[in-house]
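Letters are used for the chains, namely A, B, C and D, taken in the order the chains are written, and counting of residues starts over at 1 for each.
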Amino acid sequence: MSRSCHVALIGQKFMGRAHSNAYRQAPVFFDLPMRPVLHSIAARNAEELAAFATQWGYPNHTTRWRDFAKDEAIDLVDVATPNDLHAEPSIAMLEAGKHVACEKPLARTLDEARTMRDAAKKSRRRTFVWFNYRRCPAVAFAYRLVREGRLGDIRHVRATYLQSWGGPDTPLLWRFKKKYAGSGAHGDLNAHIVDMARFLTGDEITEVHGAVSRTFVKERAIPGPVKRGAKKTGKSDVDDALLFLASFRGGAVASFEATRVAPGHLNANTMELNGTKGSLRFDFEDMDVLQFHDATVPDREQGWKRIICTSAGNHPYAEAWWPDAHGLGYEHGFTNMVADMMRVLGGEAPEVPLPDFADAYETQRVLEAAVISARERTAIRMREVK
Amino acid sequence: MSRSCHVALIGQKFMGRAHSNAYRQAPVFFDLPMRPVLHSIAARNAEELAAFATQWGYPNHTTRWRDFAKDEAIDLVDVATPNDLHAEPSIAMLEAGKHVACEKPLARTLDEARTMRDAAKKSRRRTFVWFNYRRCPAVAFAYRLVREGRLGDIRHVRATYLQSWGGPDTPLLWRFKKKYAGSGAHGDLNAHIVDMARFLTGDEITEVHGAVSRTFVKERAIPGPVKRGAKKTGKSDVDDALLFLASFRGGAVASFEATRVAPGHLNANTMELNGTKGSLRFDFEDMDVLQFHDATVPDREQGWKRIICTSAGNHPYAEAWWPDAHGLGYEHGFTNMVADMMRVLGGEAPEVPLPDFADAYETQRVLEAAVISARERTAIRMREVK
Amino acid sequence: MSRSCHVALIGQKFMGRAHSNAYRQAPVFFDLPMRPVLHSIAARNAEELAAFATQWGYPNHTTRWRDFAKDEAIDLVDVATPNDLHAEPSIAMLEAGKHVACEKPLARTLDEARTMRDAAKKSRRRTFVWFNYRRCPAVAFAYRLVREGRLGDIRHVRATYLQSWGGPDTPLLWRFKKKYAGSGAHGDLNAHIVDMARFLTGDEITEVHGAVSRTFVKERAIPGPVKRGAKKTGKSDVDDALLFLASFRGGAVASFEATRVAPGHLNANTMELNGTKGSLRFDFEDMDVLQFHDATVPDREQGWKRIICTSAGNHPYAEAWWPDAHGLGYEHGFTNMVADMMRVLGGEAPEVPLPDFADAYETQRVLEAAVISARERTAIRMREVK
Amino acid sequence: MSRSCHVALIGQKFMGRAHSNAYRQAPVFFDLPMRPVLHSIAARNAEELAAFATQWGYPNHTTRWRDFAKDEAIDLVDVATPNDLHAEPSIAMLEAGKHVACEKPLARTLDEARTMRDAAKKSRRRTFVWFNYRRCPAVAFAYRLVREGRLGDIRHVRATYLQSWGGPDTPLLWRFKKKYAGSGAHGDLNAHIVDMARFLTGDEITEVHGAVSRTFVKERAIPGPVKRGAKKTGKSDVDDALLFLASFRGGAVASFEATRVAPGHLNANTMELNGTKGSLRFDFEDMDVLQFHDATVPDREQGWKRIICTSAGNHPYAEAWWPDAHGLGYEHGFTNMVADMMRVLGGEAPEVPLPDFADAYETQRVLEAAVISARERTAIRMREVK
């Protein structure tokens, strides 16, 4: 008989839905030592809140997330709010003795992230950060191949996270304001691929060699009804795109690119690793697939192999789901993550390692270094090169 | 009746073959105002030379390229030698009143390139640089789409040239020695994609934001028979990979990456452009294809369209060749280039613009800026970010 | 406030799981006029049954499906059993006044299918057949494009359903015995693509021009523990592969191929339509994508467009799920189907038409014609052609 | 020193160009025991003929191909004419003691093909049939893999040759008239894929299980200037599409489909083989690539591998051409074929077997069986299946 883990969620938007679904589905599909039980939902909008609670099956709802601290029935608090509301509830709940799962990026700034990391360390509770893409079966399988030495020494990391929803017609959502989001595409998208690069290589970035940040759309419409006489547009003060180059301790060179203005790419979270013995390639737009090039087979038979990572007994998480090539979707990464969180809370090992606040802090340091590099403008100007 | 252009070639290796084939084929497939006629071939290895001349149909051959200067029958000298032998023959032949076609990269260094540019300017003869990929039908078609405004304002340029032949088993060819090659993957491969980015966008790079250069294999076997007692290995002093970030005048941000050590990539000359109205994508490993994403069609029908650019009357150069989707290969880029060179020498317009020494000098400036950026080590060290 | 539809399920294997998940998920993600409520589960294996009921949330379970007839609380009976147990419970439940949803193929034989169709007609209850692939967003979007005339007159239908799990190591499951399954790959896989071809074209097959059926593996191990002295292997008496050619009323020619022994294909449910104005292509192994070739755009811009069919407001069912290109999986087809079933039972229109017993009977007629064609051996023998 | 083979060509259209180019290029790129030398060209249109001879380097030209018989200097006659002019010149030239290379399909009818086969047998001269696709490096490499047993027993052959140029705007070319062409898409396209299937499997078809033939466009404009009062359109009496099913002696089942009216396909000569140990896939629209699925590697690493077949020393014909992934095109299949023809005439072995008249006659028998099957209308009518 599995024990129960009572979950309280803060946030009821996109991530609130994704997390809620994961808590509902994980115990049905996985055999787990700990069973997540939906306990409470907190959010600002009281009206939407009741409907959300009913729809997803939360017995309790509140507009005051702080009350969770006092509720002894709650074991895990899940922070699925905009970035400006990560640090405060995470730290408060850790101090109240709860386990905490927080959305990515960990925080708006490195300073904020540090306070969260320190609070986690002090609390001795479990922390988790929702870098959900680690738990796509193809990514988890890539992790294993790298661990088995199939790539040899890694020399190249080539990562992009390209989207296209950030054109001038998109209004001034919280994601375009630094005070809420910390940064734009950088924290939202580069956070994922920096985490994935660190996760897959098992290596750490030691240098950032240059960066360029761009805000292509500087003025955006204020969303929702605008009061008479009020300004109709506002300033976006975050990056629409940020690219940077880096080196890993082991010698690999790496490029990272995040953008919200690349037509043709909806959710192109891609990563390629080239090593002395082979290469791997992942693209979330073809999420169940891992491309593998084994450079140790005879030359005449070398090529990229398209492996559909859905085979029970062969690929991570596949056992829980459907027959081979009866594909999984975006939401399954979250469900797989809840399964691993429950394993960890129940004393078992996760399928592949889970990121905690300390780990996410390392990712945040890399993001910070890229921001510094972009800001310090050590660029070579072409007019000086003659 | 078309006039003749008598061609003298210097170099008989890979590029010597590719150019010779192009001169042979162009007048058969294209209707041209000027007909290339093979006149002479010069190379160092006298033995191989005679066989090469016979095989390819050169009536004359010599080990002394300088003699071309005095031969009034020669109209065009083609310099298809290693990079250390670009400047000297090019300048000498320009001074002798010949038109000159030179292999890329234009030179080993920016200083060398400048002397060549200046010699070209002074000579008032035609110069050409063998950036052959401009003349892939798919690339030339991309050029036209950009000119027609189909991409809107370009915001992203994403270029790679990935190969994998440079592992530790590859001996110390001239390509791995700075005194012959100038640089490694950078001059060999980044030269192509910098040229292509400038060509397609019609824009110039104004800043280089950072670069990282890496020599993964530092010691290589000396090729050919090694004398008793002599060293069996030597030092490679060029980059195996070089990545850099840049900005264009028009505001686009760009990444460039060249490598010889990326298993799975044999000749992955790839470029993607993202603009406000659409995107284009080219990969030489699928060379007849241009991927086009038109962001102005209704949302429900947006997607990457795979256009096979081989339709006579619709795509550049297609008229000269075979029916639709009866594909072209690597060599056709060279043949198309000879056709355009002959058009220009015959007073007609090329299908798309040809790069001359002045143009290639601009590409060389960008390469130089990347080298400076990589060397000056303005990297942010992660240990300083806490 | 939506009404409830109490569901009783028969069968607890692969399809029992897929359907149960769909009933659980549909009301959470969709806003429906009728809410499915899990009421009872029936299956043979009493031991597994209790666990299944608990896991999926069925308040009642029984080994006697016939009892459902008497239970007035049950509105809909879902028949998710092997093919030999489709007709009997479907007819019994229709006679008891229940709506019935039955797995595909409708029946083992055309005779059986006819009795089911007739029972459905007589009952005036709603029937549904689980041709789940109709409700992949990409397939439903294809349906709309065809309806809008985007393909013009359809001339070619090219359909395959290729799998590879049926090698000699696979034991003698019920799927390999005619008395349980009716047929092999034919009823299992061709049923899907015949349904999809009829659905997408809106046209009916008028002739079957030839067929070939093959049982490659004739003897298979008996699964599970075999009694001492009993035979260890048994005979497979169904097809491993069946191919046939057909014509549609509108003049299109069509090929259908089903197989369980095609290495490299795990679940390659593919369909291509070529019409006078354009073409469409679907492959379930890339399930969120519809390939569209619009032959009415200028020649130079023609090509296959890869449309990711996940855009809310633009593609069927997308509104209910996640942001663009945050992909869906196999299970979502079932959930989308439950949503449409509930809409129909609640008096609303489904997103795209649902197959009922009368419709599935037409598919079964086509399957039967192919079996007759293969059996009657009107093949031309090559030795007679000289 | 290699001997010379003097070549006379009949025909100066599409195939005349393709063959002429091949004779020019083969001796430059390959080291051959026999060197093709262009000797004469014959064609009907005297005006075009002289220009063609000059352009391609034929020293002699004539409108009377029969004169070739008397010219002792001619060694090989190449028949590159429409199908109605295959048998007569081929037989005449064989009787005159010439080697003969004939375009495909061998003949309009099986009777005609038989007389050609018999003439070839009697002559003891070499015959060749231009099934050029055998000599794509990827196809020749597939041949080798099959010979090495990498597929095990072949169970499925799936072949298409899809084009789209045959819409109603295409005029009544000779290819649409039975008296010139024999058949439509069938002889033009199915001939290629039947040859390729026989070549790759090394097996023979024993039965044709059904076929369907369709002429979608029955009336076409008469091409060129039409005399006043003359009819402006004429009847097409050949198939626009023909599909058939077959069995091979070894037990494999096969489907073949040829069409000229499939938008989105320009030259989709595709073939897939599925065997007990693996699968192969070729698509001429990606001609340098062979897809290989090895079913003997561990399950978790199975997938389609995209092998670019351009590696010198590893892939057939690659040695003669360019570095790895510096792709080849359509014309190279012809050049590779001339190289192999010259090897055979010079007493050496070809890279892979060449089809002669006897071999092409076997392909023609299969085509004939399909025509009989389509004509005899043994189709099952759906209205009889109730």
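Remarks
Rule of thumb we're sticking to: contacts are C-beta pairs under 8 Å (C-beta built on N, C-alpha and C of every residue); 3 or more make two chains touch, one makes a residue touch a chain.
Predicted model, so just to flag it, every value in this text is computed and none were measured.
Across the two candidate interfaces, A-B and B-C, the one carrying more C-beta contacts is A-B.
Within the list A-C, C-D or A-D, B-D finds its counterpart interface, over half of the contact pairs alike by residue number, in A-C. Centroids of chain A and chain C (each the mean of its C-alpha atoms) stand 36 Å apart. In whole angstrom, the spacing between the mean C-alpha positions of chain A and chain B is 40. One finds 54 Å separating the Cα centroids of chain B and chain C. Counting partners per residue, chain B has 302-304, 308 as the residues that reach two or more other chains. Residues of chain B that touch chain A in their complex: 110, 114, 155-156, 158, 160, 162, 164, 167, 204-212, 214, 216, 241, 243-247, 251, 253, 255, 257, 259, 261-265, 274-279, 281, 293, 295, 302-304, 365-366, 368-369, 372-374, 376, 378-383, 385-386.
Taken together, the chain A residues at the contact with chain C in this complex read 14, 18, 21, 24, 28, 55-56, 165, 266-268, 284-287, 308, 310, 322-332. Contact residues on chain B toward chain C in their complex (touch as defined above): 141, 292, 298-308, 311, 313-315.
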